[in-house]
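Here it is, the structure in full.
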Amino acid sequence: MLHHARDERIPVAILGATGSVGQRFIQLLADHPWFRVAELVASDRSAGKSYQAAAPWRLSSDLPEAAAALPVLDYDADLQSPIVFSALPSEVAGEIEQRMARQGRALFTNTSTHRMDPDVPLLLAEVNPSHAKVIESQRRNRGWNGFIAANSNCSAMHLVLALKPLQDAFGLEAVAVTTLQAVSGAGYPGVASLDIVDNVIPFISTEEEKMTEETLKMLGRLDSDAFTPAPIVMTAHCNRVPVRDGHTECASVRLGSTPAIEEVAAVLAAFKGRPQELGLPSAPDRPIVVRPEENRPQPILDRDTERGMASVVGRLRPCPLLGYKFVVLGHNTIRGAAGASILNAELFKAEGLLPV
Amino acid sequence: MLHHARDERIPVAILGATGSVGQRFIQLLADHPWFRVAELVASDRSAGKSYQAAAPWRLSSDLPEAAAALPVLDYDADLQSPIVFSALPSEVAGEIEQRMARQGRALFTNTSTHRMDPDVPLLLAEVNPSHAKVIESQRRNRGWNGFIAANSNCSAMHLVLALKPLQDAFGLEAVAVTTLQAVSGAGYPGVASLDIVDNVIPFISTEEEKMTEETLKMLGRLDSDAFTPAPIVMTAHCNRVPVRDGHTECASVRLGSTPAIEEVAAVLAAFKGRPQELGLPSAPDRPIVVRPEENRPQPILDRDTERGMASVVGRLRPCPLLGYKFVVLGHNTIRGAAGASILNAELFKAEGLLPV
Amino acid sequence: MLHHARDERIPVAILGATGSVGQRFIQLLADHPWFRVAELVASDRSAGKSYQAAAPWRLSSDLPEAAAALPVLDYDADLQSPIVFSALPSEVAGEIEQRMARQGRALFTNTSTHRMDPDVPLLLAEVNPSHAKVIESQRRNRGWNGFIAANSNCSAMHLVLALKPLQDAFGLEAVAVTTLQAVSGAGYPGVASLDIVDNVIPFISTEEEKMTEETLKMLGRLDSDAFTPAPIVMTAHCNRVPVRDGHTECASVRLGSTPAIEEVAAVLAAFKGRPQELGLPSAPDRPIVVRPEENRPQPILDRDTERGMASVVGRLRPCPLLGYKFVVLGHNTIRGAAGASILNAELFKAEGLLPV
Amino acid sequence: MLHHARDERIPVAILGATGSVGQRFIQLLADHPWFRVAELVASDRSAGKSYQAAAPWRLSSDLPEAAAALPVLDYDADLQSPIVFSALPSEVAGEIEQRMARQGRALFTNTSTHRMDPDVPLLLAEVNPSHAKVIESQRRNRGWNGFIAANSNCSAMHLVLALKPLQDAFGLEAVAVTTLQAVSGAGYPGVASLDIVDNVIPFISTEEEKMTEETLKMLGRLDSDAFTPAPIVMTAHCNRVPVRDGHTECASVRLGSTPAIEEVAAVLAAFKGRPQELGLPSAPDRPIVVRPEENRPQPILDRDTERGMASVVGRLRPCPLLGYKFVVLGHNTIRGAAGASILNAELFKAEGLLPV
């Protein structure tokens, strides 16, 4: 723990603090230069206890001491933090998240509830930072001082990171993707061991729909205050595999032009976005890392690349059906969830978009 | 063990008897009504020992007693069996398999060496039994009394079973498939545990090429004595996952017409082939089993369907890119390897095509 | 399915029919020669639906058709079956199981609730069939026409099977055991995949206590109507490992005499009990199978020995601390749970101890 | 990578550099303040290539750049480094390691070959640093300028760390231990995935013998120039489990006195050794970390404690047989192998025992 003699960092609250993504938020924010974890919120079952007592810590690093001692607040608690990160279960998120925004807070959410709302930006900081502008109409429409900014599903996130530079450089007409998703994507307790040891589950409820519509929204256009999804034909098969962390995705793409394979690789490897320009604290140096080996990326070897904030692309090769195919892999609870939210909050702060 | 007071079953030899597929041959042939395991052949390392002593048995059923006591013969041994099943490593298979055919034996092989030879049939008994006719020209070309009949790669096998009825009923124009393949497909010792526990390997050497060319050969045409691959655009991504047995394959297909989804399901479920007509001993009642559940097929639950001889199809649904998509799963060392060879041999016997 | 033109088998009910052990009961009783699954009972959540609709079937064989169509009854339902098998969660078992016995039924239970009651026999059919006599005082004490007969914890079961012949032949003074237990022992959903993929959990709540006290009760004496636990010093460490089925147990024993190792092996291999004498339908031919290989037993290879009803012993060797040590492995939901209950019921029927 | 403008660090060589432990050496030495990886040695197969080309890097951090570019030398190469770390296969280690010592080098080895030699110290830096004195007689006996200092088997290492403070404080009479060992302990490719997915192997060749004799040597006495093994009765069962890294060990101990459990816990937690006194670069602050939770230590959560250099003890509780029992877990390729060797070398340097 760094010590901040007179801590001037912005206090932040975490909703759903005892879940898998909640724990990642606490871990990633432990020594954050701008934000300080001040309030932890969870369901009634945990509220009233210290965070340490409320739920066992399930990450391999130790529970940060500052968080361990915080009391767990319930969903109705009167919060002080101007920035709120949400990892709430989608069943309860709707009303609570809206209340936060109504109270004037900046609410950055991982939950699916508001992702497809027409006035909520679905932000991936390197990909569509300009979508943040829709927050103006969100506030107007809803009479809020604060706002809701969402990030996408963990499987859409890494695919979109890899697709964005291709779309920009060559145009993008069609995508076929099959995912091999880690069990941590289902939260805790999530997937039962009897369902996954020595097994594959070729189905994740509503995942293919989310992955498709969220990808097209993120790659789409915001004109004045309306989103137009990207005109890309997309199909997704989503599978769960016995891997702890790291989603592996096999993608084929039809581009709008016919670049040489070296150009495709170069465009991926060179990709930078606004977080890199701004030097945001959680921004990876290389949002996309291209591996040359024939058998990479692999979850064990590549999920922690750039502290879990990169999408790692490999096996770029011609596809007889669509033109090119490749594998993209990324950490699903870091860049795919908590890390993406934090990066969005950093972007807002750096761009002067916070209400505080 | 059944006892055959005066055993009139045809003696068969197994080449590569100590490997994973070799053990499956021994297991599946233990009580076969037509064939009797008479000779076991393996590399010098094992030759001279009893089979039991040569290699540990790694299947969950007990090693059949009759096989346990057989001596392991070396590659140069003078065999007596008129039927030979080969599970040889591809590095050594070429010359040995040809010798068997030259000596007048019927050689049914799992090895890749001869699969794409222009005069070798790549047989899946329900799918392309008529390809067996090419053996006439094979004998003519090569001056053999015996012959080589191959079966395909384990991942191609289950895909082709599912594609065949669609091709017949609707025409088939394009296929995109992503596999999640079991470790037993790599033989023994095969995949190192450090490479696969908590991991996915998004690459299997030459598998995508084999899967594509073998699929198109099996679904193709034999005219007089030349094969024409099926005119299908096909792309494959092959992955290894931490599953013992059972390949899961996510496929999207563009058909030649636009049937209703119920028609597609009905055509798959109704599929029968020559083995079912002939009532062959190893033939599954239902070569394709269609599961209605939203989360099937799964390796643990479905790989042993019809004693491992069925391809199990599930999650049939529309595909925005190609029309329909589904998951097909099957046992990779039973139907995907040894069981397919045995079924081919049964077909040849029933059709009177054996040299014996 | 066998057909019973005029089914004269005894109707049985299964309590907790949708859980892991409940499903095993249904599977093992599907074609039972003496018993017919007539009633399936589960919690309110499932009650009122057909069994097939109430819960997904999670075993690799297909759900038996007869059971699929049965309606699921709730805990208060008025049952007809004179024999009841219980796989209830321990939180609810107490009152329901007692009601069954009060109503005159023979209740065979897997649940821990009544196992240590002083008038309830903890039966392992080969080991302590004479303990069934305590049922007379149970009925007297409680004024019941029926009775409760329990079987032990799954980890105690296989250990006790291996210890019994040693106790009989040589005397048994001390046991140290460390278990490596399968996830199916925790039921469904049971162990979260995030807790066990690439992991070991060195703790199972109350398991060490149960394993110890139940072992000593089963190996103890029943005098008139009181149990005396066996005077054996025992220590247990219980671990959960990423294995689906099959508990592996490393045991060291101090015997009352000093037999040669060959004698110990011979006594284990020769062990038979009352179920073998009576030829009970579920009795394994060999309750204990002794494997000579240096690296057996293993879950994958040995858990299905004798249809999952055997305890497989291997690695018998000297122990510098206690005298001898060995590994014992067995299927935890077959012999370790449902199969043991069924064998107990068969024993009662064959011995004329059923109230029916 | 730190940059050392004028690198005055001691050059070191790594024998067996392409194996699992060899890779750990490279990783752990990448930014070492005292040592610089200067020479990498492997078998003929790799020799002549750059390290990067010789073998795929299999650890999750990136291959350090300095090592990537080094040429791989063969076993006969003329080395320059005065310090040599060996992770050679035991089949080839004997002669090569002796040659290094004869040439005047300090050879720190992980290999089992010389561990039990009467004039070779088996060192665990916190436990028996005084055993280093035997090197004087080793040199005398063998006429060497250099020496061989060994570290133990990975499973003995963590057990001994936990036993040492108990032996010192209370005396130690008997130990019973059952291990659940990670697959990385078998090197690469090591354990075949077919042998361990959904499985346990209750046997590791010669491991129980090594674990016992090495434990007693490390805890034993060195008088003038002869070792006396500790007079402890010890028994070990060794198992392989499907875990990547981290050995879990269940131990029962009979102490020489009868301390309260709090005393036992306090003695473990307070343990420090010479490396902590000297502030050696690789020394963990806490060589033993005692966890209070009922279900710890676990490989996933605890193997990286103190950068993999701690032994984590949990579940300390009474043992009916021996007095106390507990679980100890540690990283098998860091503290259990490469890290222990490096710490030994640091100890020698700090104590002025290096020949350089």
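Read from first to last, the chains carry the letters A, B, C and D; within each, the first residue is number 1.
Keep in mind that, in the parts below, a residue touches a chain if its C-beta (ideal position, glycine included) is under 8 Å from a C-beta of that chain, and two chains touch if they have at least 3 such contacts.
Worth saying up front: this structure is predicted, and the values here are computed from it rather than measured.
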- Among the chains, which is located farthest from chain A on the basis of C-alpha centroids? C
- Item | Pair of chains joined by more contacts [C-beta pairs], B-C or C-D | C-D
- Between chain C and chain A, distance of the C-alpha-averaged centres to the nearest whole Å: 47
- Task: Provide the C-alpha centroid distance between chain C and chain D, rounded to the nearest whole angstrom.
- Result: 43
- Task: Determine the centre-to-centre distance between chain B and chain C, using the mean Cα coordinates as centres, and give it in whole Å.
- Result: 40
- Note on the structure: Touching two or more other chains in chain D are residues 58, 197-198, 242-244, 300-301
- Note on the structure: As the complex stands, chain D meets chain A at residues 56, 58-61, 197-198, 244, 293, 300-304
- Item | Partner chain A, residues of chain C touching it in the complex | 20, 58, 183-184, 188-198, 242-244
- In the complex of these two chains, what residues of chain A are touching chain B? 174, 176, 178, 180, 198-203, 205, 212, 233-235, 237, 239, 241-244, 248, 250, 252, 294-301, 314-315, 319-322, 325, 327, 329
